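Have a look at this one.
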């Protein structure tokens, strides 16, 4: 008897697969689907959610698109890649199988690299939002991105550090995390070239005790603490930096441009400097619009980490959505193959984080990054300057 | 003196984290001593205690939150014992271990659902997080308090085990499960008390641990849990003082390793230590030899 | 009312089933069916086959040898890396090993063999590193076995788990970067083109495990599982057989790691955590500890549910039900609860310790509710046959009683002689034994 | 004196667990084709002695000789050096250890006091397991069913079935071992032990839980297998009827120590034995 119950349960599940998902694929004629390939859990869950918010907000601002003279409703298909390279493949596959026309994402380069081949195999165009590792677009014809790259960002950070009189850098990355390891690598390369000295260390997965790393940086007598790690670890590092009176600025990349950091640093005696994609206040219209949207959507506020402070990746997500719409318009079709054809020559203007056009590898042509500093008194970002690689 | 000053921060950190591991390790060692079960879910009970605190502090005052957290951990632990372990007590040992792994999987996934996979920031307990200076090092207050509180709690626990009736029953059950039940000891009560003690200590440990390392995510309990278990094995499973000693050794050694630049292997080291101790002295430092009956 | 099929029929049924399955996969993989669910179907089949192999290998250890080992993810990791490292095309080395000047291995076995032997070399180039991956893992497993297998059940579990964690740190170690690429992903290595490949490789490996279990060595493993001391008293060298099982299991875990690398197209050490080992263990439990076919079924069910059928639970709409509680993570909660229910109320899993057999399948198929309704004309025939069987059984029983009494008498008079017993005692009742 | 060949000889065998001396200076000789009894109240150390002979325990002091060769020898070492309470402390200087499977390969087979059958296996499989140690084919050949493996498997099956027939379990060959009635399980254990081709058989309370009629049958059975398989048998038993009826020579243990040995008639009239049994816990 038990056997029969179990079997019928399994059969029921199997049915839903074909019926449930299949139902989705037989979408309305007038709908165009955008796949959102982002982590909602795992190490990069927080950032991934903020990126999705930007896309969702953009969708609420512009829910339809006119393609080839016909009005289409834009539907978002969001999957969670769990910040996990091995889950990323099936997550990507499930997007492909749900008949999306283009994919946006992901936050965190590792999952994008892992999924790149799946998208390539399916001929599915993908637009990276904030994945900065060069490998995402290298050797992959379908992946494009609208943000700058790590070699660029690493150099920018090294320049900033050296220009501000820092000569010895402590670099901390996370073991097994391509993003932080990669960025540290480019930073070290550039910093050494400028004549600086570095101490490099890595911390293992699931580590939450940063006491010794902070102590190591102090022991080595460094001038700057460079740790472009995930925001999860960042909060813990800031905490320890305060506890042990680190006494040197903490430098980081785009991931740290998040309200998680400002929240953690608020009221603490630490100095944090980051490079990022977006300058707050650079586009007041967008700022006001999204704040109003937050007011209407309490769930969005939860996903944003409980407040309405803006993260750079949210702005980038917003831009990515419009890049996708422009691609639809240019292609005049919702067929992935057609979209893929127009993407290399696509130019989009009027975006929040600057105009987007792609070079031959599929990367955005961006030549400057914004440097921001955390105001620890009121927990906000202060714009310092625009920094270039040269 | 200079050398001492250089290493002081590492040793302080090691002692603090060692004390926190110790509070978790006691739960492992006691449960193992009585049920011969590695309670894989123990680390997750620890994580949940931390998580609940995050939510409680928004509605309750601090002192009450801490009490509720301890009560919650006890309820969670005893419920798990009743639902997932008790029905399998006569089943093969592998089944109950699998059940423990299943519970751990469930607790982690449920935490993932509740938190949405985001790291939560542990509420600031100002008293514990105050910065203090010791010699050349500055650290948080919790670092100083942890070892003393740990030793006090362990002392109380050892007194309880040595001098109360329930403590005596616990010792009897851990020595010979079947005979004790024949002797009229209420096994279920002893096991429940064991879980109550283990979980309460884990909850207190969580307050200390997360005050020091303020981020909680669904996986926060896994690593401390495994390390605490290794500590319990190191000290000789079933022995409370052994577990505490093992925890301090692991905490300090781990931090010194980080200080010497082998950070990649700071977690792996714990397991190297485990394997070495199992090779040299399989019963741990204070463990007793178990003779198979044929 | 039991049916016993002839061996020939069984063989034919198996061949047909396997052929149909492969054709289905081939057709779906080559886009012969419309509907994009089929893409997901293929993904699940590929991943399911790979996890079926690693679950079967874990079952060999945990279910058949009684060694509670939790090192499977570590061995998979090693297999995946050793496959990937040797098959990255020379031209891609600079991109892949971007931080390590293109790494120290500048060639790819696939390319070398391809240049020499053409297309055959290509496949050989995939095949050899895969076998090599298995052998390397097996070798390391042997080294680990020497200290670890002396330990008792739960200590063994924690020590193997520890070794897996050490392996993971080792592969991420920056110093080894020129070989392993440190913390960065390995990619661009040669992968299979058709979903048939992992299915066939996994199928062959599982078949080998199955043959092993049914050999005298397999019996020795089971003896160790059932009672170590008695097994030793039967002249079975514990260490030799335990390490044999451990090494063989690791070999297949290594192969499945190589397959997983091919499936994922990129590989990094991060996902090979304890969590992954737990998932493999849960597959084994769902399928039934001590049943290889159970592990296979478990693997496909697990993968399909986790990656496909239950995905709707995360996005807020599932089975046409929409609800606010269905947000990211809900799928995993439901899944974990299902698993706990299996562990607690259905501890034997789907197959228990029985293997799939056509006899049982056919009999179950006939006994399922609705079977009789479906063929009302068969109803009468069935009941008649049943009546006949009942009388036959009664007769047989009576005879058996006599025989038993007889043999008892013989025993008391010394060593009894062989008296054949009627087959009535061999009736298999599926619901009772195989539930 | 008995001038038959000595097949098993225990010299000054002592086994001490912590402070408890379980077997105290046991000296025992088993001759070829002899049936020897080992009796004593509960906790007298009989099973411990078996475990020392079969390599399950490492004795604290003394030696064990099988077929004229010393295979196990030990002396108190380490912490035990101070704690040792037994005799002949300085007599042995070598430390020879042999694992149970090697002992079995030397031709010593045993049964267990609390039946230890392989639960997940059928009766036939239980016997086949015991034949595995004589298999020559490698695991590789066995897995891929080489000609040799098939031949060996076939021979094993034939032999196992023959053996089962001899002990009266042929009809039960495909039953799960645990589904057998108690008495048959005991028979199966003996069959399994015989399948290892032993020359010495150690039986640990083979008649436990049997009624007088059953134990009578068992007695005959033991005599028969001794002759058929050319065995020397050492048995622990509580059923005096069995012991006295079948054993040629009997050793009596109490509190680990050896209090008497002799023919059944001598033992029955030995005052120390009577004292031990009446004053003991039986």
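Should a chain be cited, it is by its letter among A, B, C and D, assigned in written order, with residues numbered from 1 in that chain.
The criterion applied here is as follows: contacts are C-beta pairs under 8 Å (C-beta built on N, C-alpha and C of every residue); 3 or more make two chains touch, one makes a residue touch a chain.
Predicted model only: the values in this text are computed from it and were never measured.
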| item | value |
| --- | --- |
| Pair with more cross-chain C-beta pairs in contact, given C-D and A-B | C-D |
| Chain whose average C-alpha position is farthest from subunit D's own | A |
| Subunit C and subunit D: spacing of chain centres that average the CA atoms, whole Å | 40 |
| Interchain centroid distance [CA atoms averaged], subunit A/subunit C, Å | 37 |
| Intercentroid distance (Cα basis), subunit D paired with subunit A, Å | 71 |
| In subunit B, residues with contacts to at least two other chains | 112, 116-117, 222, 264, 267-268, 292, 294 |
| Junction residues of subunit C - those touching two or more other chains | 168-169, 172, 174, 229, 328-329 |
| Residue numbers of subunit D (touch at least two other chains) | 56, 112 |
| Contacting residues of subunit D [partner subunit C, same complex] | 54, 56, 99-101, 104-105, 109-110, 112, 116-121, 125, 128-135, 139, 142-145, 149, 152-153, 156, 165-168, 170-171, 174-175, 192-193, 195-196, 213, 217, 220-221, 224 |
| Partner subunit B, residues of subunit C touching it in the complex | 62, 66, 68, 147-148, 150-155, 157-159, 161-163, 165-166, 168-170, 172-174, 229, 274-275, 278, 281-282, 285, 289, 327-330, 332-333, 335-337, 339-340, 343-344, 347 |
| Contact set on subunit B toward subunit A in their complex | 6, 9-10, 13, 16-17, 112, 116-119, 121, 129, 131, 137-140, 212-215, 217, 219-220, 222-223, 255, 258-259, 261, 263-264, 266-268 |
| Of all residues in subunit B, those that touch subunit C in their complex | 32, 36-38, 83-84, 87-88, 91, 93-95, 97-99, 101-106, 109-110, 112-114, 116-117, 222, 226, 229-230, 233, 264-265, 267-268, 270-272, 274-275, 278-279, 282, 292, 294 |
| Subunit C-touching residues of subunit A, taken from the complex the two chains share | 1-4, 6, 10, 13-14, 16-18, 20-22, 25, 40-41, 78-80, 84-87, 89-90, 93-94, 96-99, 110, 113-114, 116-118, 122, 134-135, 138-139, 173-178, 181-182, 185, 200, 202, 204-205 |
